[in-house]
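Quick heads-up: structures coming right below.
Across the two complexes that follow, subunit A remains constant while its partner is subunit B and subsequently subunit C.
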Partner chain A sequence: MSVQSAVLRHTKYRDMTARHKEWVLGYAMLVPAFIFILGLVAYPAAWAIYLAFTDKVIGQTEHFVGFKNFAFIIGWPDFGHMILNTLMLAVVGVGIKAFVGLSMALALNEQFFGRTVVRALLFLPWTVPAFVAGLIWRWMYDDQNGLFNWALLNLGVISQPISWLGDIHWAMPAVMSVVIWKGFPFFAIAYLAGMQAISSEQYEAAEVDGANAWHRFFYITVPSLRHVMLVTVMLSLIWTANTFDIVFIMTRGGPSNATEVFPMLIYDQGIRNGRIGEASAAAMLAVPVFAGLIIILTRYLGDKDEERV
Partner chain B sequence: MQGVLEAPAQKTSWLGSSRGRTKRIVVYATIVFYLFVVMLPLYWMFRSSISENDQMYGTAIEFFPSKFTLAQFDAAINKWKFGLYLSNSIAVGLVTTVLTTVIATLGAYSLVRLRFPGRAALARSILFVYLIPGGLLFIPLFLIMQRIGLLNSQLALVVSYQSFAIPFCTWMLIGYFKGIPPEMEEAAQIDGASRLQSMRLVLLPMAAPGLVAAAVFTFTLSWNEFLFALVFITSDSFRTLPVGLAGLIRGDIYLWGPMMAGSVLAAIPVMLLYTLANRMLVQGLAAGAVKG
Partner chain C sequence: MLEKTMGTMLTRRGVARRTLLKTVGLGVGAISLAPVISACGMIPGLGGDKMTVWTDATFAPPSDDFQTEQINKWAKSKNVEVEVTRETGDNVRQKLQAAIESKQLPDVTQVDDGRFTAFYKSGIFVDHSDMFAEIGKQWGGWYPSGQKIVTIDGKQWMMPYSLDSSLMLYRQDILQAAGFKEPPKTWDELFDQAKKAQTPPNIYGVGFQVNKAGTDAETTYNLMMLSYGASIVNPDGKLGNVKSPEMLAFLNRLKSSWEMGIYPPGVTGWDNAGNNTALQDEKVVFIQNPASPLVWFRTNKPDMLPKIGVSGAPAGPKGQFNTAYIRDGFAVLNTGNQKRMDLGKDLIKFLYTKDVYTGWMNLAFPAPAVAGMEDLAIWKDPQRKGFLEAVKTGVLLGHPGPPTQAYSEFNNRQPLISAMARMVVDGWTPEKALDELAQTAEDTFSKYK
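The block that comes next holds the complex of A and B.
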């Protein structure tokens, strides 16, 4: 009986059209990837939505509490601080990264001595692990023994050491400087690659027609880079708003919440305080923003992918 | 393919075709400024890793050290468990990379070479999943790891890293496989090879550089990961390098020498791999090989 049915199944399989075989193989090869994706992304995401409506605390069973967590989070001053800090870091940080990256790419696209070596050197921060970048800068910003205070004191710019990471006004710019240093080569490489795709003839023709440098920049360079600019800025907004390692290493969100950004708040509330319910609610409130960015990006990168040879 | 970094400068840029003096001054000034900004922290890391303690702290700081020592490396390795963190990082990185690359190769082949309903939507969902930030997922993942008893084990990291490594690696390989013309595989199939044989014997050898690059980037994603490693590991003996080194920041004692020595050792392999793989930069970049 079982042999018979096995033979039958086998014949059925053989009789399927080649097209259907391709379907089966196609899905089968994706099964491992989607087992992980469903188990590690879809399932946790669904669970997080549920947890946001409970009073879950690590080590205890949860009870359904309705919108209580959301009401708490929205009225919680720390949450407001976190939103402002995250916006500040993401918007200002990404803006500066994009500007610095563009100016660097413009310079690197010119003829100069030692170009290949210089290009490789200038892209080094991109290759440095973020936690290493965080450690180096944490050390340079050290109030007693750091390079910056030593240099500024010796140059006579300041007479007292500045507590960069312990001062509520300096802490965010200090963290942002690391994020920018680590991140701008990403923009520079993307823009440089984009510029290399613009033909010299276009510029020459415009020059012959009497367009000045600014005209050429705004009417040829910028439009050609529009797509790559959009994509890099949106990608970087998502990543920068989710900076955890650098913030954790440099300030742990302090002083007095001055650098408490999105993932840091979730960590503090969820893991350190064990308040899973509130942490999940805070994460849920951020979902629409990230989802919007990701949906737009998926469309852009997906379209680009269709063109990719 | 020529790398972005080696490509020649453009004959004519927006600044015009002239070789004017002003233009050259502006270009050189910009480059010198950025070189300084980029190299200063790297120099300071290196310099701190080879200095004596008495030239690193307080008023005795020397910008150019007058003495060299390997004592900081010695302390990092023999006193501060650098070797333990390193072997944990390597173990997690290697297992993650092998698992991810196999799964992603199968998935990418399916999405590029096979035709079936829902293919485009599945390809997009891979990209969508890759872009979901870990900050949204680590709380429920923590509870899942706790429930299945993986918390505080390296397996927790290998498993959780698949959440971003598989989508990343698959997306990168999709781009690479698309660049390889299917005619040779089709010829092999006409000669009697099965689909899987044509993939294994024709496509994969041709895609070897792309596979290597995808594996390298996947390894570095795991090597650099901080948040999951911090949350899912509670005992020091399972810590990976990022969290292990960051644990040396202690308020009252100065461990910056060993920490910088450890940083040099942690950064060098990644910096080397990236510089060597820079021909693949654009593909890696499109997939977001490193978050910028």
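The block that comes next holds the complex of A and C.
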């Protein structure tokens, strides 16, 4: 064996070993993340799917029951109404949150005295825990001792207290107002960040060409923000459709079923009655809708990555 | 030479990577295990020799503090380390759900009748029959409602400690000013007195919730339903004839009471504290509730306390019913550790000793589960005596049947409040509300056949 061929073979071996070690190291680095995803996402998700097809009750052995749980949930007297309420809360709520968030972002993108303080205050609702927000607003809407009735009565606007949370016409707007109050800062933050990435030269050029403020907004700001808008709307639709705590604390679905939303059914069957199989089936029914939104979102984000490349 | 140099380099690189891998692996492992290790101390059964006792936070904190103090005193005398947690009943229930599924049970837990009915089938409760017999003998026997709840197949599976009821609490001063010297004996009288005594919009007649968040009202409507001769189940606990003429008569009367204008407009949005708040804020004449508003008045508005009357639920055309249920009870759980289970029983026996039990009863607000406390001075107070009398004859959830999981799930849907809300919020006829009520009952009970 010549020295040359030995060196060549050793170099090949070294390269292979190095590549192999790189490969091992790469996968080794992925293992912790993989274990976490497997343990905290995949396993519970798979278990929930399995339980949805069983009669699992807390503390008791489960048996396979096929689609019986799904039939029970779909046959729930308020099922259709709950879906409608959930959709209304999500679609109208997100629409208003996006509008308010955009308006706030536009205002906060301008230079004015105390802007930093206003920005910090604006983001406060986003940081308040939902159950705290629910309790505070429940008190403000309270028909017996609430702030709104006290103010309106003292101002002479109303002569009788309004039952904000007990009136079929007021309850959903009252709940929605809290969902909007809690959620609009997310939109404002995202839009403000997006606006700051738009080059001021575009606005200056448009101004030179005679574009007024509306033109600049519709032809520069909105198109530049459209990607941020899509992502925020999609994410917020998923979060808002899953709203539970605010509704639970403020109305518990009442009056009658005026504010009943889908996650409450999952809570009632799973936590109050311990019927985990039915609760899992109810949760599974919402999965296709959310999965659809997530697929749109990830595909869109994938396309964006390709565009960048 | 070249080979040696290359070999050294490879070795160096290999060692470096291995070291890196080891470091990363150990680091991640340590980070991952840290919460698990720290959690082990919190998980019952894994925390070494420390006994865990889960108790409820009640509306009478002095009684809670007294009980914790006694448990600690017992632990000291037995040279046992005990961790006592005190949380709301709902939280204890949710913790128990997780504990059952993870098989990490506390040694002793406080249990009410709802938790007992929900978890009995999971097999977590040990046989308490010997202790039940011994303590019953010591205290002159048990009141029947408590005994009935905890007895299954002739054995007792938990120890009832206190029984409670939900009674009519009313403003005696307002009723007397309106010319009524006695509290109402029938539902018709109650609605009539409420109408005549109220002065809306300041004070309304009745503060019964018409919202599913207000579970107190489910009890009120349940007792009214029974007094009209209607029921959901048969005496064997199986689903009965819900769509009966009696049930329709009850729903009609409920709806007509609304049309009298005696409910505050906000009751359709009240939560479970809504009726308490209304009485405490002097905005209604009648509510139905356990004794918590009395405890509140004692602390916050003592001058109002004598103005509050207490009476049993009114009668209907087919009789009069009060409710009774276990508010506080204790159970040793089946942890598999015999030494600890024996200690748990010893602790519970200690809680039934004369000084501890009567000391607690003097500070708490429900009635005892045993018959031998009727000579205590606290029962001279007519407000407290009302509760003692009610639990002695009160009926259980699911009357005329025994407490069952099926009825418990049905009741959790607040079906009677829902029916009332359908009629007064959605404008349904009593017949349509009855159809939905019967369907809800059928859907629920059919799962337990």
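One rule holds in what follows: the second predicted complex is superposed on the first by the 282 of 309 C-alpha atoms of A that agree within 3 Å, B and C clash if a C-alpha of one lies under 4 Å from a C-alpha of the other, contacts with A are read in each partner's own complex, and residues count from 1 in each chain.
Here, contacts are C-beta pairs under 8 Å (C-beta built on N, C-alpha and C of every residue); 3 or more make two chains touch, one makes a residue touch a chain.
Predicted model, so just to flag it, every value in this text is computed and none were measured.
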Clash or fit (per the criteria above) of subunit B with subunit C on subunit A: clash
Which partner, subunit B or subunit C, touches more subunit A residues: B
A:Phe72 touches, of subunit B and subunit C: first, second, both or neither? second
Subunit B versus subunit C as contact partner of A:Arg275, first or second or both or neither: second
Touched partner set for A:Ser163, first subunit B, second subunit C, both or neither: second
First, second, both or neither for A:Glu110, with subunit B first and subunit C second: first
Which of subunit B and subunit C A:Glu207 touches, first, second, both or neither: first
Subunit B versus subunit C as contact partner of A:Thr127, first or second or both or neither: first
First, second, both or neither for A:Asn145, with subunit B first and subunit C second: both
Among 55-63, 73-81, 145-153 or 217-225 on subunit B, the segment whose C-alpha atoms clash with subunit C after superposition: 145-153
Subunit A positions touched by subunit B in one structure and by subunit C in the second: 25, 29, 32, 36, 138, 142, 144-145, 271
Residues of subunit B defined as touching subunit A within the complex: 4-7, 9-17, 23-24, 26-28, 30-31, 34-35, 37-42, 44-45, 48, 56-58, 61, 102-104, 106-107, 109-111, 114-117, 119, 122-129, 131-144, 159-160, 162-163, 166-167, 170, 174-175, 178-179, 195, 220, 223-224, 226-227, 230-231, 241-242, 245-246, 249, 254, 256, 259-260, 263, 266-267, 270-271, 274-275, 278, 281-282, 285-286, 288, 290-292
Touching residues on subunit A, where the partner in the complex is subunit B: 19, 22-23, 25-27, 29-30, 32-34, 36-37, 40-41, 43-45, 47-48, 51, 97, 100, 103-104, 106-112, 115-116, 118-140, 142, 144-145, 147, 150, 181-187, 189-190, 192-193, 195-196, 198, 200, 203-204, 207, 213, 216-217, 220-221, 232, 235-236, 238-239, 241-242, 244-245, 248-249, 262-263, 266-267, 270-271, 276, 279-280, 283, 286-287, 290, 293-295, 297-298, 301-302, 304-305, 308-309
Subunit A residues touching subunit C - in the complex, by the definition given at the top: 3, 6-7, 10, 14, 17-18, 21, 25, 28-29, 32, 35-36, 55, 57-60, 72, 75-77, 138, 142-145, 160-161, 163-168, 171, 251-258, 268, 271-275
Subunit A partner contacts - residues on subunit C that touch it in the complex: 2-3, 6, 10, 13-14, 17, 20-21, 24-25, 28, 32, 94, 97, 100-101, 118-119, 121-124, 201, 210-213, 264-271, 274, 277-278, 281, 283, 408-409, 412-413, 418, 421-422, 425-426, 436, 439-440, 443, 447
